[in-house]
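As written, the chains take the letters A, B, C, D and E, and residue 1 is the first residue of each chain.
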Amino acid sequence: MSDSRTRLRNVMLTLGVGAIVAVLLALVEGNGGAKLNDTLALFAIWGIAALSLNLVNGTTGILSLGHHGFMLIGGYVTSLLIVPADVRERIASQARSDMTPFTLSLSVENAFNAVGLQALTTPETLWVRFLVALLVGGFVAMIFGLIVGIPSLRLKGDYLAIVTFGFGEIIRLSASTSLFSPFTNGALGFAGVPNDFGKSIWWTFAILGLTLFVMTKIKFSSFGRALQGIREDEIAAEAMGVNLARSKVLAFAISAFFAGIAGGLWVSYLSAARLDFFLFFLTFFFLVAISVGGTGSYTGVLMGVAVVVFVQQYGDPLEKTYGLPVWFGVIGSLILIAAAGGWLYRKTRRMRPVLHPLVVVLGLIGLGTLLFAIFGQNSPALDGTFQAFGMRRILLAVLLIVIMAFRPEGIMSRAEFSWAWALRERKDQPSDEERAQDAWLSNPDLNRGSATSSEDPLPASLTAEDAPNAVPFLERGTKPDPDEPRYGEGRDWQPEQDDEEEGR
Amino acid sequence: TIGVNLELSGRFATIGNATLQGIEVAREQMSDALGQEVELSICDNQTTPEGSINCAARFVDEGVIGVLGPISSTMAIAAANPLEEAGVIMISTSSTNPATTQIGEHIFRMAYTDDFQGKVAARYAADDLEAERAVVFRQQDDDYSFGLAGFFAEEFESLGGETITLDFVSNTVDFSAQINDARGFDADVIYYSGFCAEGASLMPQLRQQGFNQQILGADASDDSQCPVGGGEAFDGYILTGFGGADVLSGDAAARAEDFAAFFDVVYPDAADFNGFTLAGADSYNVMVQAVNNAGSADPDAVLDALQNLEGYPGVSGDITYAGTDGTPADRTIAFFQYSVPGADGSEWTKSSLFGIGTGQ
Amino acid sequence: MSDRETLLDMRQVTTHYGPIRVLHNVDMQIYPGEMVCLLGGNASGKSTTLKTILGIVRVSEGEMYFRGERADTLTTAERIERGMAVVPENRRIFPKMTVRENLEMGSYLRNDRKGIREDMDYVISLFPRIGERLNQMGGTMSGGEQQMLAMGRALMSRPKLILMDEPSMGLAPLFVEKIFEIIKTVNDEGISVFVVEQNANVALSVADRGYVLQTGEVVLSGPAQELLANEDMKKAYLGDV
Amino acid sequence: MSMLSVRNLNKSFGGLQATTNLSFDVEPGEIVSVIGPNGAGKTTLFNLITGVYTPDSGSIELEGRSLVGMRPNQVVDAGIARTFQNLRLFTNLSVLDNVLIPQHHQLKVPWWQAVLRTPSYRKAEAHMHDVAMEKLAFFGPRLMSFRLHQPVYVLSYANRRRTEMARAMATGAKMLLLDEPSAGMNPKETAEITQIIRRMRDEGGYTILLVEHKMNLVGEISDRVVVLDYGQKIAEGSYKDVVNDEKVLEAYLGKRADDDASEEVEL
Amino acid sequence: MAAITTTAGRRAIPWGWIFGLGIPALVLARIYYLVNVVEVRDYAFFIGAMVQSLQLGSLYALIALGYTMVYGIIRLINFAHGEVFMVGAFISYFLFSGAPFALPWALLWSAVLAWGVAFILNLWRGSMTHPTVIAGGLVAFAALTFLLSTFQVNWVAALLLSMLFTGVLGVVIDRVAYRPLRGAPRISLLITAIAVSFLLQNTGLIVFTRNQTPFRPETDWTAFLQFDVLGGTVYTSRLMFLIPILTAVLVTALTLFVTRTRLGKAMRASAQDAETAQMMGINVNRVIATTFLLGSMLAAAGGFLWGLNFGSLNQPAVMGILPGIKAFAAAVIGGIGSLPGAVIGGLLLGFLENFMTALFPRQGDFPGLTEFKDTFAFALLIVVLLVRPSGIVGEDLSEKV
C-alpha cells in the first residue's frame, strides 16, 4: 500500500473511532449517572496531566516529581480569575483573609469589563471566561515550568528529580504563607469555582484529545526524537548537535502548560481550589499511570490512567465490611493465583526447576486457606467481620509492584498504538529470510548449508556485487512514514541485563 | 436509603467512628420510616475533600433521601456544593463553621456554630480565668480550626485581652518553632482550636517547654485520642463540646441518659461515647422524623418538613430548624475537663463542668 | 577429542535473549592448562558465549560443567569463586574507583594479604603504566590503559580459567604483541585461557586450539595451527583477500 | 585556509599534562590519522576539539573560527562531528532514529509546525530520511534491512560502531573525528571499514581526523599521520616517513614492528 | 617518568564558601532583625533551641543514612524508607506497650519476617531449600509469632528487637519489590519504591492503628530537665543526651562496619557496575540485602527515638512521609551516597529548621520564619544542588567520554 493511502486510511480510522467515542460519551452524558460522568471527567483530567508528565518523564527521561506543583499553579490561577463575584465578596468580608482588594479584583470578568467586552461577561458566556482563565493558568504554570526547567541545565538524573520534587513541595507549602496568601487566600483557598467545565465530559475530553494530539505529534517529530535522544544519553545527544538546554526547557514548559490546564480543570471538577487537592500523591497517581502503561508510551499512559481512576472511583466495595470467611477466601485465592503466576513465570523464563519448592509451598498455603474458608464457615475462628480501610490504595500499590516486577517497562513499554499494529502489519521482527540474508552478508565465505537455507536467499544482483558497496535495499525497502509510529521498538524482549547501561 | 458520609479513616477516624456508632444505635432504636426499613449507605471519605466529593457523587447516583455527615467543616463544605446542586439534603453532624450552612437551603447541621463556641470560650477565659493574654494555636489548613481561632481571638480582644495566633498545618509533630514563637509572648492562657492528632503532640511539648498555663480546647478535642495520646499533659485541659446528660436540663437529660444506656448495650466496649455520638444519633433521628412528617420520601417534601421542624426531642436537646439557616436554634454547649490519670485509677476521665445554651 | 578431564565443558548449550536464540547447541571444552581461542564474525555470538560461561546470560538448554561440577545453575559470583576470571568486553572498569581499588576488586575473594601484594607488584611490572597511575580514577584512564587495567584486574584473582573478550582491543601495536606474550606467560603458569579475539592471526599463533562460531553455531574447530592453515578461515577472518 | 588548525593546545588533569603545546593542521578533504601509544592524549584531543573539555590554553579553529569555549552542540553546528571510543549510542532507539537525531539541529522548522505536520515540516522530515538512508548505505545493507527498526541494544559491537559512524555523518558536519573506528573488528572487517572511510572522504566529501591503532588501516588511507606521545607531537608526515621515524618506532611501534608494519601496508 | 597522581574523585568541602558567606549572611540578617524587632529572648532560649536542633538533626541523620546507603548502591531514591522508619517505630511501640498484635496480624508479620530470615540465610547458604534455611525460617516464624502476639519487653529490648525486625523487613522489601527490577529503567524502580511506601502506609493503617499513638515507654530518659544558665532557664529533657549519643554510636558503628569490612568496597563496586561486580565474585544481592538490613535498622532506631522525642506517633499513613522526605533532603544536601554527608546534612537541616526559626521568631508585627519551616528543607536542597550539583560531600559527577 502506498504511503498516502496508508495515511488516508489511518486518518479515516482515527476519525471513525473518534466519532464512536463521541457517540458513546453522548450516551453516557445522557443516561449514565453522575458517578459515571464524574469518573469519565476525572479520567480525562488526570489523563491530561499524566500525558503532559509523560512528555518530561517518559519521552525526555527527566524524572520530574513536581507535577502537582504546576497543577496547583494552573488551578489557583484559574480559580482566582474565574471565581464569581459573590464568592469574592464573601472572602472580602472574612476578617482574616489575606486577600487584598487588588488581588480580589483580578478576574477575567473585570478584565473584559475594563476593555469594553461587556458582551462576554454574561452568564451565557461564562465558557469564554473560563477558557481564558484556563489558558492564563496554563501560561503561568508554563512560566513556572521555565523557572524550574532552567536549573535542569545544571543538574542530571536523580538530582533533577529531587529538585523538581523540592519545587513541587515548595510551591505547595509556600502557597499558604503570607507571601502568597493574597493570591491564594491562604490555606483555605477558593470555594465556588464553576464546575460546569471540569465535570463536563465534552470539555474534558476535547482538551484530552487535544493534549493527546499534541503529545503524540511531538513524540514522532524530530523534536521528539531529540528528546528521546536526551533520554538515552545526554552526552551523546549533545555531541550530535542537540541543544540540551533548549530542548529540556522547552519540554518542561510544554509539559507545565498542560499541567496548568489540567489543574484548572481539576479545580473546576472539585468546584474549589484548596492546597490539599494538590498533594504529592497526585503526581504519584500519574507516575503509576505512566509506569503501568509504559514509560514513554502515550497509549500506555491512558491505559494506566484508566486503571488508576477505576480503582479510585469504584474501589469502595473493597473497603466495606465483610465476614472473615470472605476475607480468608479472597486471601487464599490470591495466594493461589500468585503461586500459579510464579510457576508460569518460571516456565516462560526457562528457569529451572520450574516447580520451585517455594511455589509449591505457596500453592499449598493458598489452597489450605481457601479450603478453610469454604469448609470452615461455621467454625468460631471465622466468626466476625473485618473492614479493610485503605484497601483501595493497597490494591493499587500491590498492582503496581506486581506489574513492575514482571514488566518493568510497563504494559506497552515504549510502543504506541498504531493502526498498522492493530491491523497486524508488524514489521519489527526480522523474517527468517531477512535473518538468513544477514548471516550471509556478514560472512559470505563461510556460508554453509547449516546456517542458512541451502538455497541462496539473496537475489543474484546482490551476490554479484561487492556486498559493502551494494545498496539494493534502498530500492527494495519502503521508506517509513514519519507519521506512522512503529510498533514494537524493543517491545517484545528486553535483555536480561542491559549490558550497555552506561552511567545514565 | 440514607447516605452516610463520614471520616471513617484518616485523621478524624475516631470521631467519625463515634459518630457512626451514634447513627447506628439510633437506627437500632428507630429503624422504620413510613413503614419501610431505613437503609444506610455508608461512604468513607478518608478525611479528604476529594473523598468527600466522591461520596457526594455516589449518593446523588444512588438517589438517597438525604446525607448525614461529614463531621468536619472542611469535608462538609466540600460535599455540600455538589449536594446542594443536585438538591440532596445534607445534615452535617458536627460541622461548626458558619459557612457550611450558608451554601444552600439543603444543607443543615446538628451542631452549634463556631462563632458561638469561640465566643463562649473567650468569655470563659477572660471572665472566669481572668486571663489577659492568650496564645491561640490554629491549624491553618482546616476551615473549622481556622474559623474557630478567629472567633475566639475576636471576642477575647473585644473583652480587652491580647492574643497571638500561631499557625501549624495538619500532621505536625514538631511544634518547637511555634513554641519558640510563643515564648516571647507572656501568655496567661492557651487556646487550642485544632484536633487531637496534633494536640496529642503539642501539649506534652508545651509542658516540657515550661508552659504551665491553663489550656482550653474546643469540641475537636472531645476525642479519646487527646488524653490517650497526650497523656499527663492533658491533665486539667478544659474543652467545650456537645452537652451530654450532665448538662442538659429536664427531659433532654433523661433522653440522653436513656440513649447512653442503650448505647452501652449495643457497643459495650466502644472507645468513645461523646457529643459526636449524640450528634450522629440526632441527625439520623431528625432525618427520619422529617420523612415521617413529610409523609413521603419526596425530596422537596422532606426538605420542607425539615425546614419547619420545631422542637424535636433529640437526645442532645431540642432541635428546631424553623427560621434558621440550617443551624438548630437552641443547642447546649458544655465545658468539660480532662483529668489524667483519672479519678479512680482509670487512665483518664472527662468530667463536665457546666453547660450553656445557645439561646443565652 | 581426548578424554582428559575437562576444566570447562559445555554440552549442547543453547541460550536466548528473550525469544531470540543466540547460541545453538554449542559444544565446547577447555582442558586444564590449555589456551583456547574463539573466533567468529560480528554478531556471531562470541561475547554471548562468554557471558553464558559466566552466567550473565542463562543457559536455556544443555548443560555446563566447570571442574567437574554442574555450573549452569550457579550464580556468576559463585562461578568466579570456583576459579574463573574475566576481562570483559568493553573493559568495564569501575569508573569511580581508583586504579588501585580496581585491582583490589580483582582480588576481592582472596584473603592472603601477602599474596595479593605480590600479585599487585607482578601486575604493575607487567603494565608499568598502571603503576604510575595507582591513584587515578579508573574511569578517566584512556581506552588502552583501561584495557590493561582490566587485564591486570583479572590476573589479581589467581584464577583457574581466565576468560578474555577481545583483550587487544584499543591497544597500541606495540602492546598487542606484548599482551599476547603476557597471555602466553600466564598460560604457561598453568592457568587455562579462553580468549575471544578478532585479531585472529596473533591469537591463533599463541593458542592451542580454536573454535569458530557463526550465527551461534560452532562451524569449525581444531588445533590452532590447523585453523591458521584453513583456506576458509583465511578468506573469512584472516584478512587474506 | 586549513580546515582545522590546532595551535599550542594544552590541557592538564591535576598533575597530569594530557596534551602539551600541540599544534597541527588538517586541510580540507584530507584524512589525517592521529596515532600514539595508549594514554598519549588522542581521545583527549578529540574531547578538546568537540568542546567536551575546555583547553587550558591554545586555540582550535575551524576554517578560521575559534571553537574554544563552545558547547559540544555548538561545535556540531560549526561543522565537526565525532564518534566515541566507548560507543555512546541511543541504545533503546532504533538504528534509524539514531541516525535521524543528529539531523535535528539543522531543522529550521519550529516544533509547533511539527505538531501540526505542516507541508514544510513533512518535506524536511522526508529529507531527513533520505539523508539517513544515504548515510547508512555506506555500510551496505546490513543496517538497512530489518535492523533499521531494531533497537540498538540488540546489535553486536561492530554493528554499533557502524551505526555510530553513520550517526556522525548524518549531523551534516564537514569534518568527522573518528575514535578507533575499527576496534572490535576482524582483519576482514577492518579492510571493509578502511574502504568505507575512504569512500566517506571521496563520496561524502568529509574531512576526516582519525585515531587508530591498526597500522594497516592507518597506512592505507592516511594522507598524513600525526604521532603523539605523552601529549606531545613527536612526529608528523606521511605514513612512510612516520613509521620509519626512530622516535615513533621506539614509543609506539616497537623495534620489531618495522618489518611487520611495512608488510602490512601492502595488505 | 615519575608517578603521577591526579586529584581523584571527591572534591574538597567548600568550607570557605559555607563559612565565608553563610555566617556573615546570618549575622547580618540577625542584626537586621534585632534592629527592626524588639528582642525579648535570653541566651538560655538559644541554648534550648540549639539543643532541640541537635536532637532533631540527629534524628534526621539516622534516617538519612538509610537513604544514602540505598541510593549509593542501587541508585534508588528509596521513597519507602520513611515508611520503614514508621514501621520501626510502631513495632517497638507494640513490643514495649504490652498491647500486642492480634493473632492474625502477628501471623502475618511473622510470615513476612520469617521468610525474610530464610531469605537472608539463603544468601549465605546458597539455596532456599537448604535445610538450615528452612529450619531457620520455621524457627523464626514460631519465635516471632510468639513474641509479637504475647510478649512485653522493656524499652531497650524493644528498640533492639524492632531494629532487627525492621532490618529484616527492609530485606524483604528489597527482595520482593526491588530485586526483580535490577537493570530495569530507573523510573520503574522509583515508582515501585513509591508504591511500596503506599503499601506500608495503608497496611499500617489496618495492622497498627488508625490513630495518633502515645509513645511513652517506661524510661527515665524522657523526664523533663530544666536548668538555669546565663540568667534564663533552658527547658529540655534527658533525651538531649540520649538521642545525640545513641546516634553517634550507631553512626560510628555503621561507618566502621562499612569501611573495615570488605563490604564497603563491594558496595561501591556494585553501585558503579553491578554486572562487573558480579564478575569479580561479589554477590551483589547479598551486598544489597546487607545494605537494606543496615539502613532499615537505623531507620527503626530513628523511629524509636523519634517517638521518644515527640511523645507520640502520628497515624501510620502520615507518620513517615514528612520525616522521610526531609531526611531524604538532608541526605541529598549532604551528598547522597556518602555516609558522612548524610550526617552533615541531617544536622544542618535540624539546625536550620529549629535554630533558624528561633533566631527569627515571631514578634509583634514581624511574622517570623515559622510558617516557612517546612519549606526550608527544600529551599536548602535546591540552593545546595544548584551550587554544588552533588551535595556537600557528594561524588564527582563528571564522566569521561
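Following the convention adopted for this analysis, a residue touches a chain if its C-beta (ideal position, glycine included) is under 8 Å from a C-beta of that chain, and two chains touch if they have at least 3 such contacts.
No experiment lies behind these values; they were computed from the predicted model shown.
Between subunit B and subunit C, the least number of touch steps comes to 2.
Taking the mean of all protein Cα atoms as the centre, the chain whose own Cα mean lies nearest is A. For the interfaces C-E and A-B, the C-beta contact count is higher for C-E. Inter-chain centre distance (subunit A to subunit E, centres taken as mean C-alpha positions): 31 Å. Taking each chain's centre as the mean of its C-alpha atoms, subunit A lies 39 Å from subunit D.
Mean C-alpha position of subunit D lies 48 Å from that of subunit E. Computed from the mean C-alpha positions, the centre of subunit C lies at a distance of 29 Å from the centre of subunit D.
Among all residues of subunit E, those that touch two or more other chains are 1, 4-6, 205, 210, 275, 317, 371, 374, 399, 401.
Multi-chain contact residues of subunit D (touching two or more other chains) are listed as 13, 16, 43, 52, 84-88, 154. Looking at subunit C, one finds that residues 17, 20, 41-44, 56, 89, 95, 136, 140, 236 touch two or more other chains. Note for the complex: subunit B touches subunit A at residues 8-9, 13, 42-44, 46, 48-50, 53-54, 57-58, 60-61, 74, 77-78, 81-82, 86, 99, 140-143, 146, 150, 154, 169.
Here subunit C touches subunit E in the complex through residues 54, 56, 75-78, 80-81, 86, 88, 92, 94-98, 101, 104-106, 108-109, 131-137, 139-140, 153, 157, going by the rule given at the top. For subunit D in complex with subunit C, the residues that touch the partner chain are 13, 16, 35-44, 85-87, 154-159, 180, 183-191, 213-215, 252-254, 256-257, 260-261, 267. Remark: subunit E residues 40-41, 45, 48-49, 52, 56, 205, 210-214, 216, 224, 226, 233, 235-237, 310-312, 314-315, 317-318, 321-322, 353-354, 357-358, 361-363, 368-371, 373-374 touch subunit B in the complex. Subunit A contributes residues 33-36, 38, 90, 95-96, 176, 186-188, 191-192, 195, 270-272, 274-277, 313, 316, 319-320, 389-390 to its touches with subunit B in the complex.
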